[in-house]
Amino acid sequence: MAGNTFGHLFRISTFGESHGVAIGVIIDGCPAQFPIDMEFIQSELDKRRPGQSKITTQRKESDTVQILSGIFEGKSTGTPIALLIPNEDQRSKDYDHNTNVYRPSHADYTYDAKYGIRDHRGGGRSSARETAARVAAGAIAKLLLAHYGITVFAHVSAVGTINAPNLQALHYDEVLAQREENIVRCADPATAKEMIEFIDGVRKDGDTVGGKISCVINGCPPGLGEPVFDKLHADLGKAMLSINAVHGFEYGSGFSGSEMRGSAHNDIFLTNEGKAPKTLTNFSGGIQGGISNGMEINFTVAFKPVATIMHNQQTVNAAGDAAEIKGKGRHDPCVVPRAVVIVEAMAALVLADQFLRHKATRL
Amino acid sequence: MAGNTFGHLFRISTFGESHGVAIGVIIDGCPAQFPIDMEFIQSELDKRRPGQSKITTQRKESDTVQILSGIFEGKSTGTPIALLIPNEDQRSKDYDHNTNVYRPSHADYTYDAKYGIRDHRGGGRSSARETAARVAAGAIAKLLLAHYGITVFAHVSAVGTINAPNLQALHYDEVLAQREENIVRCADPATAKEMIEFIDGVRKDGDTVGGKISCVINGCPPGLGEPVFDKLHADLGKAMLSINAVHGFEYGSGFSGSEMRGSAHNDIFLTNEGKAPKTLTNFSGGIQGGISNGMEINFTVAFKPVATIMHNQQTVNAAGDAAEIKGKGRHDPCVVPRAVVIVEAMAALVLADQFLRHKATRL
Amino acid sequence: MAGNTFGHLFRISTFGESHGVAIGVIIDGCPAQFPIDMEFIQSELDKRRPGQSKITTQRKESDTVQILSGIFEGKSTGTPIALLIPNEDQRSKDYDHNTNVYRPSHADYTYDAKYGIRDHRGGGRSSARETAARVAAGAIAKLLLAHYGITVFAHVSAVGTINAPNLQALHYDEVLAQREENIVRCADPATAKEMIEFIDGVRKDGDTVGGKISCVINGCPPGLGEPVFDKLHADLGKAMLSINAVHGFEYGSGFSGSEMRGSAHNDIFLTNEGKAPKTLTNFSGGIQGGISNGMEINFTVAFKPVATIMHNQQTVNAAGDAAEIKGKGRHDPCVVPRAVVIVEAMAALVLADQFLRHKATRL
Amino acid sequence: MAGNTFGHLFRISTFGESHGVAIGVIIDGCPAQFPIDMEFIQSELDKRRPGQSKITTQRKESDTVQILSGIFEGKSTGTPIALLIPNEDQRSKDYDHNTNVYRPSHADYTYDAKYGIRDHRGGGRSSARETAARVAAGAIAKLLLAHYGITVFAHVSAVGTINAPNLQALHYDEVLAQREENIVRCADPATAKEMIEFIDGVRKDGDTVGGKISCVINGCPPGLGEPVFDKLHADLGKAMLSINAVHGFEYGSGFSGSEMRGSAHNDIFLTNEGKAPKTLTNFSGGIQGGISNGMEINFTVAFKPVATIMHNQQTVNAAGDAAEIKGKGRHDPCVVPRAVVIVEAMAALVLADQFLRHKATRL
């Protein structure tokens, strides 16, 4: 049973390889009569687009999205929305030298092991190019959430060992503006500067480096999440871990919470003038028992360094013999600046799905 | 759309509340003709059972499992296997004082917010008692995996700030024996001693503490995992995050990998005399591109401290007014010793499901 | 991938064999706070119960339903509802003579062919006893629908070649009362008398006979059904065809519609004082384009004759050798009187599921 | 929860409207390394294509299929196969007169009732044009089945009251050749002639007529089908009922079986020299207990007459006022000749899915 579908009520199915004709997505379950802002979808794709700055891959793709179905006179019709993003800069020849050689820490070997065949051009389906389809679909999910006052905001919170300070409760628009002012997409300007310089050095070394992205969701009403397996944070975790290069996920107090005592960790409920109670602290990360409690939802995602480096590396080929892989091709020295919008997209897809799922909870 | 089903081809649906008649599980998709060792299932439940030591809750439950269907003359028939675990020690009165009061960092408020009604006795469905059903089902998954030489082993790798050394590549049986020799279920005897003392102190304070569980899966063949959404580690992550009190998940290099450079992080492939290649290092945690590569799979799970403490705490009631919660009831000072077998069960369920899913990949 | 789950948002998973400990069902997705009338559930089961009249099997089962979870103080909590029906009259010895012999037109051979193992006692999982779980779950679905003014009514419309006249638009309560006044469950008293006499004769011959059940659903609002695959009638058809012994399904004009011309078959829309338009005729059976149009939904289900007869029959055994099967055991001469409530239950489950699914169609 | 996905392990998701840019399909789960014969896919589409004869609609569409992903060097890679069929002859103006008027027995009213918005051009998503995507996907399923010696063959068995004789056990290639020799696609040449003349007369009347398609599946091994809900015939029934204009489905003895006695209906097992037993008769239609028994599978599908007629008809508009619909546009006088390949495609999709599902039944 293949795994290219995500979500249940707001459900996406993606297709496409790095160097095929196109990549795309079907969204099944977008509520009807909803205005679809195509410019917003394109602007989201532009944030993931390669070649946008000196610290991203130089592959040239306009990533222009086309609607194939499901939208009539600017509104969703309730039928499947199909979006297509043609591939343009398919320098497949760049990959001819890798046809039978397994690049270390890529998916070359495992795809061969699983399928017995693989499209070796640029990683084929395993390429992060696939995530463009997620961003396009996620943009529609974001529009849907915004309609209900729910905002999803992520930024680069760490590159290597350079960590940004915790985001204070800034207004969504402000923090978004700050993030978009720098090419590394960190909302703290001083840290951003440091990160960019560091990544540029790594790039000159022909090397790569990992990083972290932190995400906050504001305006989420209490009640989203479906125990006992489809808890809100479990779905968020799966969504994040399905993104290329992600090695870790934590929400609320996360790993540091494992070192705390209950007396310090418990989030005390406060009275709130008849409205949903707030909590004094938010170690729960806005989710209790797998269900949103109305507080800010927050989580952090860890990305390993990109596997493509400009160094020669030892490896084996498909026959099992020793081989050498040459450092070649176009790549990102650090994936996190372009991944910010992917994290947001996947978070929005989870929220939109859980939002619709919750509708069936009561008569 | 409710969320009490997990898995696709090896699929479980669980039911039951903390203080209801019983909890249980249906397993749909267990292959036919497979011998079901009921004693093993019971022995797994015994590891999760309350009251097993001084550092666990004193609730008395024998957790005796009954078969209702799907097994004939000791073997699976391919039809649904239903397992039932009656509740015995239902001291519901212990919870009468909490009927309208929201316990901090529990699911009381969010269940009310979601459903508008809740079984307040012992947390109802949100109680970790629900995980007994997972352990019973997971035991069958483990038997299935063992048949293919796949072993799943977890142990307590941290309690508070006390961390166990990394497990060296010990033989499965040895490390299992070491773990079962101490009540905290850490495979390193010296660390175990320290952890037990620490937990006992926390218990005497009427407090609780978090911890971590690390898990290794050996013997997994290359090829399991279904990109792009149902990657093996994404399914493992969701499985772990669906367990009560889990706040974080990382595999392979995890969060520390985000600080590394690609040149250090890449797992170099080695020739292996015609067999599946091995890698020099294993920062990939046995999974590349979402698919197992034949190396050891490893991951770590972070648990927050148990929310029930023996202190009085401020809170609000269902009417939104200030209230006080009394420290009362039976609880675990640290959840990780009993959660080891839950982590293993959920990992086994993911592996069994992906194992069956993989069968459809080729003709 | 096994198939013991039905529905998506109102989802049931059933388990249990004819001569095992019990049969049962988990309902996941029943909206919260809904009053569950256990007496109604039991009364529905009583209509399916064996031994209720001279024209049904004489197996004695009280079919007493027990709640295991999901209901608190008489109301659904939004968590899984588990219902259990213990087996009582398990005369397994009746089936000892059939252990290795394949009964003609039963599932003995195909279960062996599929699973390589089977619980031969009374057909095991393939027995129609399994449908008791559907009736219990369907009763809850019926209660839910009744809350919205939707009624589901079926009756025996044919036994052998004896056909009941089409039901005129009688009031639901009247037609239900008429049906329950006779043991064959035909709403037309004169036809019922004829059917009963005929079945009694068939029974005395040691033979069996097929029949048809017709069902009408009133009060269904326009809009239910999910094109293009989960059309309302497609889901109803699958639900009916999943019932033991069903060989055909038609809705609206059905098979006779294939003989008509469009000019005669088209249902002309009529103005309706600002309310949803009605149609002059209803060859569409209340469903157009797979979506309910607000008119009465109607369909008919064809049942083959029960395979168990009191005659000796030639067959083969598991070794492939010729064998003879003796006419023995308890059985129904005609399945349709007891199947009426099963048809209603499956229809109600489809409607409840589509009702909840429809909630996500609009914001 | 929308319904544009069909199947589980061989799973398709379709998109597209009658007069949009294109229609298409994603196939997720096609086994890897399988040769994909694009000419065969195109030849199947040609059988469904409009404008192929005087008894079909005169809309001009080449229905040229394009591959977007999932196939590399002529073989499936195990990743999603996306197929696109651009719309060419989109005379949307033909439908301007219908914008606010509900055509009788079409889906115009129900789509408005469900979604509150609809693409009125040519029926939008409710148009049978959508089935081209099914045919393209079904062609790949057919190739897969053929690899295992399973053939799917359908033909027009009735038009109005003209019925073809039952197909004798002709060789697949012969009967296929006979069917393709006439434009009505009936495998009996004499009946075909009669049907064509009748349809032509109906067409000249500006009217339409219904019909039936019968399908046989040969070479299906015993064991396919997943009780208790996903029985093989239940999945086939749902597949057929999801096709536009289908009002009925029966398999094996079907509706006539409801008139028979068990002693006549039971299919006696015969010894078969150590091979899977055959049955003397095949009233079971090749399926017992929901599982294939190795005999020929057969079923019949009833189609209502096409709703678009060249007569003026009374109706209502979106405001609920009386209106008149003019007979205009391009349409089929009888849908069954073009639907033969749709029936085959949906049957092949069910079989391919159940074939893969069955792989998980045993270790």
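As written, the chains take the letters A, B, C and D, and residue 1 is the first residue of each chain.
Rule of thumb we're sticking to: contacts are C-beta pairs under 8 Å (C-beta built on N, C-alpha and C of every residue); 3 or more make two chains touch, one makes a residue touch a chain.
Keep in mind that what you see is a predicted model, and the values were worked out from it rather than measured.
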C-D or A-D - the one linked by more C-beta pairs in contact: C-D
Greatest separation from subunit B - chain, by CA centre: D
Approximate Å spacing (C-alpha centroids) for the pair subunit B, subunit D: 46
Mean-CA-position distance for subunit D and subunit A (Å): 39
Subunit C and subunit D: spacing of chain centres that average the CA atoms, whole Å: 26
In subunit A, residues with contacts to at least two other chains: 1-2, 4-5, 8-9, 14, 29, 32-33, 78-79, 114-116, 125, 227, 356-357, 360-362
Overall pattern in which the protein chains touch one another (line/ring/star/complete/other): complete
Subunit B to subunit D touching residues, read off their complex: 1, 8-9, 29, 31-34, 78-79, 144, 147, 227, 356-357, 359-363
Subunit B residues touching subunit A - in the complex, by the definition given at the top: 1-6, 8-9, 14, 102, 104-107, 109-111, 113-116, 125-126, 130, 158, 160-161, 202, 207-212, 222-231, 233-235, 237-238, 240-242, 247-255, 257-263, 265-277, 279, 283-285, 287-294, 302-309, 311, 313-316, 320-322, 357-358, 360-362
Subunit C partner contacts - residues on subunit B that touch it in the complex: 1-2, 4-5, 8-9, 11, 13-17, 20-24, 26, 28-29, 32-33, 66-70, 72, 75-82, 84, 114-119, 124-125, 356
